Amino acid sequence: MGTSRRSYLTGAAGSAFALTGLAGCLGGGGGSGSSTETTVTPTEDDPLVVSVFGGVFKEVLDEHLIQPFREETGIPVESQAQGGAANVLPKLESAVRGGNAPVDVADMSAIGTLRGRHSDLWMSWSDDEFDNVPKVSDDLITRASDSDEIIGVGSQAWFINLVSNTEVLADPPTSWTALWDSQYESQLGLLTPAQTSFLLDITAATHFDGEDLLSTKDGITQVFEKLAAVKPQSSLWYTNEANFEAQLKSGDAPAGMLYNDVTVVMEENGAPVTSTFVDEGSLLDSGRWVAPRTSDKRGAIVEFIDYASRPEVQDTVSRNLYTAPTVEQQHSSLDDQTFEKIVGPGLDAAIVPNYEMYIEREQFINQQWNELIIQS
Amino acid sequence: MNTRIRDAICRLALRTYVSAVLVFILLPLVTIAAMSFTPGEFLQFPPQGFSLRWYHELAASSQWMTALRNSLVVALGSAILATTIGGASAYALYRYDYRFGALLAGLTTVPTLLPPVILGVAFMTFFVSLGVVGQVSNLVVAHAVFVTPFPFVLISQGLDEVDRSYEEASRNLGASRLTTLRTITLPLVRANVFSGALFAFILSLNEYIIAWLVAGFAFKTIPIQIFTSLRYSYSPIIAAISVVFILATVAVMFGIDRLSGGIWE
Amino acid sequence: MTGIVLEGVDKWYNDDVHAVDGVSLVVEDGEFVTLVGPSGCGKTTTLRTIAGFESPTSGTVGIDGRDVTDVAPDDRNAGMVFQDFALFPHMTIAENVAYGLRVQDGHEDVDVDARVEEMLDLVELPGTADRTPEQLSGGQQQRVALARALAPRPDVLLLDEPLASLDKKLRETMQVEIKRIQQETDITTLLVTHNQTEALTMSDRIAVMNDGHLAQVGPPEEIYNDPNSRFVADFIGTANVLEGTVTRLDDGVATVDCGDHALRATADEVAGPGDDVSVVVRPERTALDATAADGGADPDVNAFEGRIELRQFMGDRVEYHVDTGERTLISVRDAESPGLDVGDPVVASAPVDDCLLVGTTDD
Amino acid sequence: MTDTTHVDADDRRAFTGSLPSPKYLVASYPVAMLVVLFGVPFCLLLVFSFYQNVEGGYFAPGFTLENYARFLTSDLYLGRTLFTFEVSVATALACLVLGYPLAYYLARLDGGFRRQAYLTTVVSTLWLTFIIRGYAWQVLLGERGIVTRALAALGLVPSGEALTPGLGALLVGMVYVFLPFMVLSLYTTIKDIDRSLEEASRNLGAGPVTTFLRVTLPLSKNGIASGTTLVFILSLGVYVLPRLLGGPSQWTLPVLIGNQVGVEGNVPFGAAISVVLVVFIAVVVGGVALIVRDSDPDPSDAEVEA
């Protein structure tokens, strides 16, 4: 592509602007110019709005993060459940373009954070605005592409592990190579779409000695060719965890890939399932606290993110959600047994997805992926 | 073969078949209803015991209640808007001749025949282009267009049955066009107007994909909330809200039926 | 002030249907005029043009001395009774009757109530105020429709086939009723009907309409006794019509060659020798006699020999169809007169004075 | 809708007077609303289908045929189009076969109450969100669902295996959702068939089957055409059921559109697929209208009954 991405964006923004002008009063002053200089203090009528993933996530974060934050700082705050990260971003993008982002802080997937960075959606901060953020693992901090400013701070991290039904499989698989093992023909539950599943990274790490291959289109094609061989083993390509959970529990799909935190909860509820940290490394995905740059509550946002990054808050959330804390291990006070259960051999042993690839080659990867999973 | 026996067999086969289809239609509803009364954590059929636990949890959940309120607001708004558009269109076409009358009728009826997802994408591009995103009114407008055919068709039917001489008599007695519309035409098609509005309401209430594409970030209607929840679990709370929705839908349908004096006859 | 004035009213539909063709008609104050004609002759369109539901292509409409051609229906003050009565089904009888007053400004409730009562008394339906239209019989609905039309004190009353949906007995009663009410209120009235009996019994004057234009306007007696065209003669009452050519004309008596007969008929100045004409004879002016009774020819009487083909007993009278070879003549006699049977040879005779010469065409 | 011979008296005044004709005033509201709120979005959909997608970002205004080229040259999308078509045809035919006897029975049922009760049952589900109905079938066809267990007990499916997601589950769900439309379409047609025609046929010695095939079926062809077309068109647009009851290999075009726009953030490509689907539907509707032009197969009429 000859034209730079940014010029496309400017064009798009320009046309949006023109139309906004046409729309007149409808836009409510759709000006999306930088408003980071002014900061408004949240009030009960206009609280700090934090959007988080739904389900158990919201329940736990409400109790162990939102509530304590309000009690300690007195800042009015309310949480909202957002849909799956993937479909939230386009809406957030349109909202920010319209100049009226509906939330002040969002718990965004790493990929979503980067997509937002491409579209220049996020507010940025310098390191010295925070006290606790420096304790967060560097891997889990996202910075602006043209400066050193922070735009996303690790909220939670979670592992995608190999999981299996202990009643059906006496000997649970421990290596990603199981996905290619005909012994598991039509038995595995696998995640879709590509940027949720990260099977490309897993394939590259398992069969191609690392991720360098994924930096070129040819390399990606090569990985896809290898990946095609997992199809016979798949009994279910799922987007809804609940779907696979039911089949895993029943033994319908006795093994597969699933979030460690979800599986641990199932296990504790008495389901015959186990979650295994994989030999080649489990896949580590994570969320970021981000703030749409159109928010006018910069002060409270910084305070909130810093509070969320406190080691003791991180530990409490981890104990309840079984997600991994995002602060470096030396700051964490989790006992070894808990740490083992939720972080396994540690953050460093994990496979970290090549997030940039999913964004730069989005269309190509999606097309290949759809052909892989849809076409029979 | 004896004709009478043959007829009897035919009739019996038909009746058996009809019963089977009715079971097929009712089974899912009955199952959901039964499961919503489970006291346990998980969906079970048959349920182990009877409890209103999940209905209490539903009522106590701010998420579900917010979604319910959103759904009702959107459905009410879009039903009203759709009824004004569909009603005006029906009235214009019934009252006057236009060279492009068929075009107006087509424009009014086509939105229901199009795949909703396409309407959703079209509205998304529309509101993004306008730079108006995340407003509740967006969804109201989108749903209104989607459901407009229903009030249009029902009110057209009603107007069709109204003898033109009622309006003429009114005009003849000195009533202006507007007074006639208000005191004669509208009262005579009132049942159709309400039926049309109720259809629009119920359709909007139950619509998912347009709502999902058009609704703002974090704005959830009940269908969106159900779909999102299904991602995480098959909680009996979904069965409970479904039962509430089924009852509401049946109640409204019953109302429509009473209003229009048996729409199926 | 003149009740209704139509001047050269023309109505075209879609440039190809000429529904009303240059109709000019004056209905005087307090007069009862009936517009009569077959279906599709344009009489209803004419009435609707007066009410304002149709707009004339050309010509003017005047009501009570005012040109209302471009006035909306609600400003014409022309009360109308519709064929199907059009009583508002969602209102009570009282609300129906009051409607015309309610939609006008400046009427006190007590006045409206008094007027409703007065009107219901007028149409002899007291005590029905709180019922709904569907609880009333057809005749009662008719009366309510009349009361409703009259309540706002219209300048003129327009009746569009008001009796068409009633059975015969009721129709006769209502003819009398409508006439009585019209006389009591002394309101200018235009009635549209296709029923000639209604026209004859109720009207001060009759306007016969055919194919969009007025064929003849005049008092009932004139229309009946002195039709100006074959159409009018045929449409109003029953008529024997004989076609032929004028061979002679003297002293207002024409001799017409009808093929098998040479008839003598009273002629208007319209006809001259060589004209194709029709001769009209009313059945009741035709005498029937047994053949043997008469031998010589009376120059003032036209006689036809024939046989009784059909005998219809009508209660007070008997109608005979006489086959005279080329045509069938209809004759009516009192029921008391001596009976004739089918097959009997007879002579049908009509005095020259009662044989009327009219043009062959409808004009 | 209006008789063409009637011309309102007010029209003339409109041309002679200075006020705008109420005729156009009345129509202007729905026309304006529909043009602005329906016509414009639809045109924008078309416009967006020529925009360029920006990877990792949004979209850029411009003109490219890339989106259409991508669709038309990809086995994936052409294959999905075929699949969507097949599923819709299968649904329409299954609804016809399953719905006809029921509609016939209801139309010929004498008792007012029983017919009312049955009809109410049939339409009771019609207005309920696809999501709840899809969810119900997910549960019923799940590995512990009673339908699954019943079928397993009959030896029709292996026991303990979920039937969802899968093609079977999708078809069951589709038929479940669209059967009421078909039944209502057929019901109104069959009800209007004069019963004495059937009796005459029986009277002439034809058996019930012959009577059905020679009399009832041909006379109800309008209902068959409109019901089948309606179900087919509505089936083409279903999004929720393939998502809830099918796996990726059961995804239809609407799901792909939803994914492009809502998940992959590729609005232009989603718009292009939408346009293709609309054209496809228009061609089908036009084709059906041509075939049964003189027998009034107005699908919107059938919808009305619904």
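As written, the chains take the letters A, B, C and D, and residue 1 is the first residue of each chain.
In this text, a contact is a pair of C-beta atoms (placed from the backbone, for glycine too) under 8 Å apart; a residue touches a chain by one contact, two chains touch by 3 or more.
Everything quoted here is computed from the prediction, not taken from an experiment.
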Trace the shortest chain of touching neighbours from chain B to chain D and give its length in steps. 1
Identify the chain whose mean C-alpha position lies nearest to the mean of all protein C-alpha atoms shown. B
Greatest centre-to-centre gap (Cα means) from chain A is with chain C
Taking the mean of the C-alpha atoms as each chain's centre, how many Å separate chain A from chain B? 37
What is the distance in Å between the mean C-alpha positions of chain A and chain C? 90
Find the geometric centre of each of chain C and chain D from their Cα atoms only, then give the gap between the two centres in Å, rounded to an integer. 58
In chain A, the residues touching two or more other chains are 15, 87, 97, 246
Residues of chain D whose C-beta touches two or more other chains: 4, 7-8, 10-11, 144, 261-262, 267
Give me the residues of chain C that touch two or more other chains. 52-53, 72-73
Touching residues on chain A, where the partner in the complex is chain B: 15-17, 19-20, 22-23, 26-28, 30, 51, 54-56, 58, 80-84, 87-88, 91-92, 94-95, 97-103, 239-242, 245-246, 269
Touch list for chain B against partner chain D, complex: 3, 6-7, 10, 14-15, 17-18, 21-22, 24-29, 31-32, 35, 43, 45, 84-86, 88-89, 91-98, 101, 104-105, 107-109, 111-126, 128-129, 141, 144-145, 148-149, 153-154, 156-157, 160, 177, 199, 202-203, 205-209, 212-213, 222-223, 226-227, 230, 234, 238, 242, 245-246, 249-250, 252-254, 257, 262, 264
Within their complex, state which residues of chain C touch chain B. 51-53, 72-80, 82-84, 86, 88-90, 99-100, 103-104, 148-149, 152
Considering only the defined contacts, which chain D positions touch chain B in the complex? 1-2, 4, 6-8, 10-11, 22-23, 26-27, 29-31, 33-35, 37-42, 44-45, 47-48, 98, 101-102, 104-106, 116, 118-125, 127-133, 135-140, 144-147, 176, 179-180, 184, 187, 207-209, 233-234, 236-240, 244, 254, 257-258, 261-262, 267, 270-271, 274, 277-278, 281, 285, 299-300, 303-305
Touch list for chain A against partner chain D, complex: 5, 8-9, 11-12, 15, 86-87, 89-90, 93, 97, 114-115, 118-119, 192-193, 236-238, 243, 246-247, 250-252, 359-363, 366-367, 370-371, 373-376
